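Some structures to go through are shown next.
Presented sequentially are two complexes of chain A, the first with chain B as partner and the second with chain C.
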Partner chain A sequence: MTGKSATSRKMLLLAPLLLFLGLAYVVPFLGVVRWSFTLPEPGVGQYRALLTDPLVQSVFARTLRICLVVTAATLVMAYAIAYVWVRGSSVQRMLAEFCILVPFWISVLTRAFGWLAMLSNRGLINTWLQSAGIISEPLALARNELGVIIGMTHFLIPFAVFPIASAMRSIDERVLLAARGMGASRIRIFWTVFVPLTYGGLIGAALIVFVFALGFFVTPAILGGGRSVMVAELVYLRIFQSPDWGLGAAISVVLVLFIGVLLALMRRFIKPAHLVG
Partner chain B sequence: MPQSIQLGDAKAAEIKAVSIGKTFGAFHALRNLSLDIGRGEFLTLLGPSGSGKTTFLMILAGFTAPTTGRLMMDGKDITNVPAEDRSYGMVFQGYALFPHLTVEQNIAFPLKVRGRSSADIKRKVGEMVQRVGLTGHETKLPAKLSGGQQQRVALARALVFEPSVLLLDEPFSALDKNLREMMQQEVKRLHEETGTTFVFVTHDQSEALALSSRVAIFNHGELLQVGKPQDVYERPESRFVAEFLGEINLLPLDALRLEGDRAAGQFEERTIVLNRTMAMTGPNAVAAVRPEHMVICTGPQNGDRNAITCRVEGATYFGASTKYHLKTRRGTSLAVSMPTAATSPIAPQTDVWVSWPVHQGFLLPAGG
Partner chain C sequence: MPSSRPGPVLLIAATAVALFLLMPLIAVVPVSFTPARFLSMPSGTLSLRHYQALIDNPAWGQSILLSLRIGILSSAIATALATMFGLGIWMFQPRFAAVLIGFVLLPLVVPPVVSAMTLYFLMTTLSAFNNWIGYDTWLGVALAHAVMITPFAVVLILVALYQVDRRIDLAARGLGANLATRAFRIIIPNIKFGIATAALLSFVLSWEEIGVTLFITSVNAITLPRLMWMGLRDNIDPAIAAISVLLIVITAVILGFRIFIERRGASEPQ
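And then the complex of A and B:
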């Protein structure tokens, strides 16, 4: 009984957040759901259009493709950074922390323009390569899918580093010593003991990155240059630059449902507490 | 009973530590340690935490490099041989099982590392599973096993590749008393069956005495004494060893005289005679006697014994034995432990005599 009242008192602490989420997200989203069934006329016409419109389908396909590539690239790089952060010397740890936290603090807009300055046809990389005589024509690094992938990967790495590093930190050092004592080489220990013991963190990181990537707007809008439109940008275009609110709303609903399913999957694999360092 | 299976050509190694020292910054974890570990012996490294016993085990395993000194195995210098090339079995505190591998896969790991054929691995793992009594648990993950079962997996994994040395770092510290005793017997049996050299670290003196062929006692990074359990218990060479191995009564002696292989001194107007077991320098010494070597009686007994007068202060009942707390006339506290069945209860404040055979007492330096 005291337990029950203590629980409800703790719920009170959550109340402001729940209230805010309800008013700022849930209620407006219900409005979006209603649009998707009522604009321009009542019915499931917009959802039928989703299944047939080749433009919408190509945007969904591109979004999935970019998200998968970004997730894979992010996991590989985040794993390396997390490894140095958790198991490196104190100097290496500081360096890794710097590499993780500095981009984390800089706004996504600033970073996207930063990458544009690096990758565009007259950007730093192409200018250097051309002045060094390595290439004669600029490489297409931005205003295409490659640019979007580079920018998104850079943005998402810290979000993958935290759960992976958390999994690495929870490995019992003695387990690794035991493997060494049994004669296992360092490479063997890494692949047969260390990596399998971080699978939980890797799955968590993959889901976080993938879900996050699905809703990306600013980075693809700037680095894709309108040529690599992803789902979130498509919603924006439909609602702000055309009168087609119903289709934009239906795309939003589908995206939210898809992410909901992924999050439910994530809950089955890992506990949320494991995701934070 | 698991049937006895020969561990093939398992051979036991002989290890010689020569003036091993280890410092961590300004901290001396080990000082000038020299110790010979015999082929096939069961040596226990005993000491309080921070005494250097675990550091020495880690140096033996090759996980820690000594700052000074050398380590020899069968006559070869192995000081700089890394752990993965020493091929010693090791059981860690907390077992350090691979949490993502089943019992079978854990035990197979060292064999896979050695590139054994899968038929060979299957046979060896099967033998080992049976040997440590894990039949029926082969496909379970460590998290699904009890502490005792995890311990068995750790032992099986450490012994399956027939190492020449098995190192055990406080393997029983997480087990309750009954399980602990069972596993101690199990380890003793495995030692006898394999004939491998076992080096065992513990801070539990009764465990050390019960298991080992020899005990090495550590304190503050120094090796104080090495010997058979009975020798270190009954003939400790220092106050620390005497007190660490079990409760001991210390009687300050005056006017110490040395006569041949005996020593005599005065304690509260009575002459105490002792065997002279070690060189004594100064004139001040204490007579040391274990509580279980003393008896309470009604008068000074005859024969080759010492006796002093005391008053009973109280008693603690331990089931099989009862411990009496006494004070001598001038206030030195004594403890006497006697089998409960052999005595009738003695009321507090009773004046009694406490007596012990001359050969059960030994001299220790005073205040050291």
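And then the complex of A and C:
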């Protein structure tokens, strides 16, 4: 086998996907970058608007706040169910797996609708509370920031469970036995041995959840009811409602840069295989 | 390992999380039987009118067929491209493998709304040159979905490849097998479950894709999620609840069955 033919065979296998994504993804993205500098007029006007427009600023601030709350809530909840999934009895493991995987495979749209059915004025919770006589007026649970946070946390839990569970599985059982042999209590073993050994998985999970949450679009649009707009929905509104493609494009570019920097900083915690369990 | 079995506190917490995960899926069921025209819990009488609406309104059937067609085509494209790419990485171990893999995972890491904008640009550009593939066409949607789902297929196929014992490939090479023989007779049979999983996940992801689809369709290429989205925005149509219940039941039955089989298979040999 000559070196040249090996190279051409290698390219035969690798090139189709690289070309496909290059032409259908990277080149069009450069087009979006161009939009951000040319629409409605050439220059950096859109980026200046991003820095000064109070509406855009408040949307960015809200997005960041929601993302942080959602990331924290998701990690705590994912940790609890991941623990049972990894270390529970065989029935507990089966139940946990069912509860993690069924939502994971159901579309974001159906899940957002499910939360509307739970939280809206005539939804499950308000109907129950009213018929039980606990409240007289329905609680405002959906169509606001609370609804968005609940819906996003629900969507992201499975994505956090996979890296956390993977870290839990790779813990050496003997370390825990040693801690026990030295007389540590169950609670002490959990907090000072078990949890620190899963920090890698937790950081990976936090990163995945945060990055996904930043670009969230469907859940906020449905559960926020237009009242708590996040960055991604702002892009959509700028393209389809008040045509301002330049600003939409500029926001997209800033989002990509932000996530690029974030991922570069956290490179060593990312393991692609964790994304799909 | 009794020391590490979940204690009562964790079990209660995990049960709460499990309820949280399942509740919205369960809440859809009563809503789908409401006799009212708006989202509400039925009180007293139940009605099948929203299930009847799924049959009576041809838009639902059409969108389901369209989503199936798009899902099959985009999953086929994504799986084929990802398999070739995975084989290339595994067999040749190119020097910049990590960079190449990072590159093909881009649509996964980039926020969906940015991908949507990018593909919107692509589709409007393509529409300027032809009528078949571009903005608001089913081939355009299939192409856009293929871009979005390929990274998932790549991850699954690479995971499957890393579990293959390299020595069987070395043995085949030593016995004089050429590239095609190694790929088709040795490696692909060993990762066929990985390829099947990749194809299935790709199909499901395309089937339920909404973020990008919203940007690149308007009136012609109405996929099932697109139709649901239209029914969700203003006045919430309880027919959405009926179709959701069907989707949830199908998913839960398939997954429950799979988990049951796997667990039973895993515990039997011991």
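Observations
The criterion applied here is as follows: the second predicted complex is superposed on the first by the 251 of 277 C-alpha atoms of A that agree within 3 Å, B and C clash if a C-alpha of one lies under 4 Å from a C-alpha of the other, contacts with A are read in each partner's own complex, and residues count from 1 in each chain.
The rule is short, and it goes like this: a residue touches a chain if its C-beta (ideal position, glycine included) is under 8 Å from a C-beta of that chain, and two chains touch if they have at least 3 such contacts.
The shown structure was predicted, so the numbers you read here are calculated from the model rather than taken from an experiment.
Shared-chain residue A:118: touches chain C; no touch with chain B.
Within the superposed three-chain model, A:51 lies out of touch with both chain B and chain C [touch as defined at top]. With both structures placed on the common chain, the touch criterion links A:134 to neither chain B nor chain C. Of the two partner chains, chain C is the only one touched by A:80; chain B is not.
Within the superposed three-chain model, A:217 lies in touch with chain C and out of touch with chain B [touch as defined at top]. In the superposed model, A:261 lies in contact with neither chain B nor chain C. Counted by residues of chain A touched, the larger count belongs to C, out of chain B and chain C. In the superposed model, A:177 makes contact with both chain B and chain C. Touch criterion met: A:108 reaches chain C, while chain B stays clear of it. 177, 180 are the residues of chain A that lie in the contact sets of both chain B and chain C, per the superposition on chain A.
Chain C contributes residues 1, 3-7, 10-11, 13-14, 16-18, 20-25, 27-28, 30-31, 38-41, 43, 81-82, 84-85, 87-89, 91-92, 94, 100-101, 103-122, 125, 143-144, 146-147, 150, 152, 154-156, 158-159, 179, 201, 204, 207-208, 210-211, 214-215, 225, 228-229, 232-233, 236, 240-241, 244, 247-248, 251-252, 255-256, 259-260, 263, 267 to its touches with chain A in the complex. Interface residues of chain A, counted against chain B in their complex, comprise 172, 174-175, 177-185, 188, 192-193, 196-197, 199. Here chain B touches chain A in the complex through residues 61-63, 82-90, 92-94, 96-100, 109-110, 113-114, 157, 161, going by the rule given at the top. In the complex of the two chains, the chain A residues touching chain C come out as 6, 9-10, 12-14, 16-18, 20-21, 24-26, 28-29, 31-32, 35, 77-78, 80-81, 83-84, 87-90, 92-103, 105-118, 120, 122-124, 127, 154, 157, 173, 176-177, 180, 186, 189, 194, 211, 214-218, 222, 231-232, 235-236, 239, 248-249, 252, 255-256, 259, 263, 272-273, 275-276.
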